[in-house]
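Right, I'll just put the structure down here and ask away after.
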Amino acid sequence: MATPRWPAGESEQTALAQEKETGRVEAFSDGVFAIAITLLILELKVPKGPPGTLLANLVAQWPTYLSYLTSFVTILVMWVNHHQMFNLIRRTNVAFLFLNGLLLLFITVVPFPTALVSDHLLGPDSKTAAAVFGGTYFGIAIAFNAVWRYASGGLRLIDPRVDVRSVEAITRAYRVGPAAYFTTFILAFVWVPASLGLNLALAVFFAVTASIRNPTPLP
Amino acid sequence: MATPRWPAGESEQTALAQEKETGRVEAFSDGVFAIAITLLILELKVPKGPPGTLLANLVAQWPTYLSYLTSFVTILVMWVNHHQMFNLIRRTNVAFLFLNGLLLLFITVVPFPTALVSDHLLGPDSKTAAAVFGGTYFGIAIAFNAVWRYASGGLRLIDPRVDVRSVEAITRAYRVGPAAYFTTFILAFVWVPASLGLNLALAVFFAVTASIRNPTPLP
Amino acid sequence: MATPRWPAGESEQTALAQEKETGRVEAFSDGVFAIAITLLILELKVPKGPPGTLLANLVAQWPTYLSYLTSFVTILVMWVNHHQMFNLIRRTNVAFLFLNGLLLLFITVVPFPTALVSDHLLGPDSKTAAAVFGGTYFGIAIAFNAVWRYASGGLRLIDPRVDVRSVEAITRAYRVGPAAYFTTFILAFVWVPASLGLNLALAVFFAVTASIRNPTPLP
Amino acid sequence: MATPRWPAGESEQTALAQEKETGRVEAFSDGVFAIAITLLILELKVPKGPPGTLLANLVAQWPTYLSYLTSFVTILVMWVNHHQMFNLIRRTNVAFLFLNGLLLLFITVVPFPTALVSDHLLGPDSKTAAAVFGGTYFGIAIAFNAVWRYASGGLRLIDPRVDVRSVEAITRAYRVGPAAYFTTFILAFVWVPASLGLNLALAVFFAVTASIRNPTPLP
């Protein structure tokens, strides 16, 4: 972190306090993202079975790897987006902290639907599991938009040095999420593989579009 | 984090060391808050039951979601308050570190009473579970007040640039906590739903009052 | 974090890189301390038993609370000491990183002997459990001294602005640890309550002496 | 963290944003490394058995301690290397964030093969367990090289003040990893002790070579 040149006096003190506050929200959020993404592994259990069957049992639990991968990539994409969002945000307030907290609530929940899909993908309850999975991601997308809309509405918490077009570009990009994840939720009741496939595809899609939105700076 | 203009010389060095120390206490505390709030999810277990009953079993474990939500919001509110408190604190000492450690002890304990309520809300032991739940929160409120009273008494560790009225406003606001959470503890022996309902209501109430105490800065 | 005035030019760049390095070691160590201290709660399990027996079962698992408390306070004291140590350290090198890693290895192990004592304090294996508990703490004390001796030997990694007497005072204070914890290890084979009681007493003792070593700065 | 003197104006603002970004990637990565290394302990379970057999059962689960130690040291070495790598990197972009995310994916997976080896080292499935263990480490080595090659290729994200020879020295040093860990993977099918022994030896070897590459600065 580096030293911005703020105007001296009282406003400097306020600016310092705000700079410090944004830093702590980011640190706390990073902590939650990092823990949630790492706790996912606890759902990957050593398979039980008679001696000599480990390899077959490891292969048989492929739904676990698939849901692990989808959840890992989704949380990672969410973290990258959170990261980009906070690059533009200079101030916080308590309402913003709680909206961000709502987002973190959904992020911390992710290991639960991930375990549901791991355990039930191949059984008669796969639709229920996939619906909870898609529904959680839908909740994340809604919460993400709520955080961003609150921060960017009237440029409420945006750094004054940021170009308004960057703000609008992010607003447009985030608009896709809720509709897309609502589709995965609905698809869960129709055809589970399509629902989960779309979940994974969306994670990859958002990774790629985030890359295009923020290209490599020229050396 | 930014660069305050301290008087030069030896006092500058001390100031730097203290600034550094506050940062590490906040980082450590943030870590504990972030981990405790994320570990809560490990109590949300995939329900066991015969094939085809997943949805019904998911619905049946609604006490788990309720205690999860209450604990998540309470830890989040505690973190936001901790955050506001540290905005006013510039110095630390070892006594303060241990009082803060006592607070963190209660925060890390939260997943345990949360699991108690999840498992016993619908059984004959619900009063015991709710009393441990309310008692833990009462402990958190006491510890929170101890940290703040120590730091703010005689403005011991308060940033000299902070207005005394902000300090007094926080002292008044925190006074509510212990009495309110003691009530949830007592209510547990009378009527469990009232005790748990008050716990959730208090989390929401403290979220709202924190918002009023720290309104959106004008753009 | 604030901006020291280093001599300009090439040495400034080196100084910056080193400052950054110390910060990351502290952050990583803080993370490990924070996670280890928070994971302890996972050993506190909801007791199983017939309906109506929860309160009795909660009381019956008092060894769990005792070992939890001892481990929590010990890790907290270790963190406070680590914190004080790093206030004096300005530089790092890879050997130091690995010695610090050895210390973190012992810190992360703490939940295991804590669970051992919780499960076996009241049975015929209590000596084994207490010996592993005391042995782990002995290992922590050894590793702590190794880190500090390496950093402070010939003032190798110490901030040049630090008074040599502060360094020597810490060296003397840390010398007590290995002998004291070796005693708890030996006592485990003689009388388990004395061993565990000494463990808890040492945590409190080190908390108090750390407070005396670093008193409240005058307002 | 300290204050570099960037050219004033628009480029300063960009530099600040980039500095901030690198900090957050490091913080997030540190979080994941710290959590993964601390979660390893959850695989160390209190052994079950009739009263009086605890010591024998603790000794009997020596494969658990061995795989714990190997994984702990490996993650620690990876963290130290990650640390050294980021000392040379000043900028980030989204492609880099996702390559770093791929590396973190493999790091978070480590507790799983560690548990596999703990549970199956002494049974007929030891080859499968060792192969998954070696294969995971091979994946880490590949991901590590991918992150570094991307960042250092054409000095894409490297701090302009860094000497090109330092970059080339790291590139050469990292080249060893994939070949060495591929050997542990192949050895798993031939002779399990050799495979696991090589894994532990490599962790120590990389620790020592990292120390030589970055010697103690003269006092």
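Chains: A, B, C and D, in written order; residue numbering restarts at 1 for each.
Following the convention adopted for this analysis, a contact is a pair of C-beta atoms (placed from the backbone, for glycine too) under 8 Å apart; a residue touches a chain by one contact, two chains touch by 3 or more.
Remember, predicted model here, so these are calculated numbers, not experimental data.
Taking shared numbers over all numbers used, the chain A to chain B interface scores under half, which places it in the different class. Most remote from chain B, judged by the distance between CA-atom centroids, is D.
In whole angstrom, the spacing between the mean C-alpha positions of chain C and chain D is 24.
Averaging Cα coordinates per chain places chain A and chain C 34 Å apart.
With touch defined as above, residues shared between interfaces to two or more other chains in chain C number as follows: 1, 3-4, 27, 31, 35, 39, 42. Note for the complex: chain A touches chain D at residues 1-4, 26-27, 30-31, 33-35, 37-42, 44, 46, 51-55, 58, 69, 72-73, 76, 79-80, 83, 86-87, 161, 207, 210-211, 213-217, 219.
Looking at the complex, you find that chain A touches chain B at residues 1, 3-4, 6, 13-21, 23-25, 27-28, 31-32, 35-36, 39, 42, 91, 93-95, 97-98, 101, 104-105, 108-109, 111-112, 115-116, 119-120, 123-125, 128-129, 132, 154-156.
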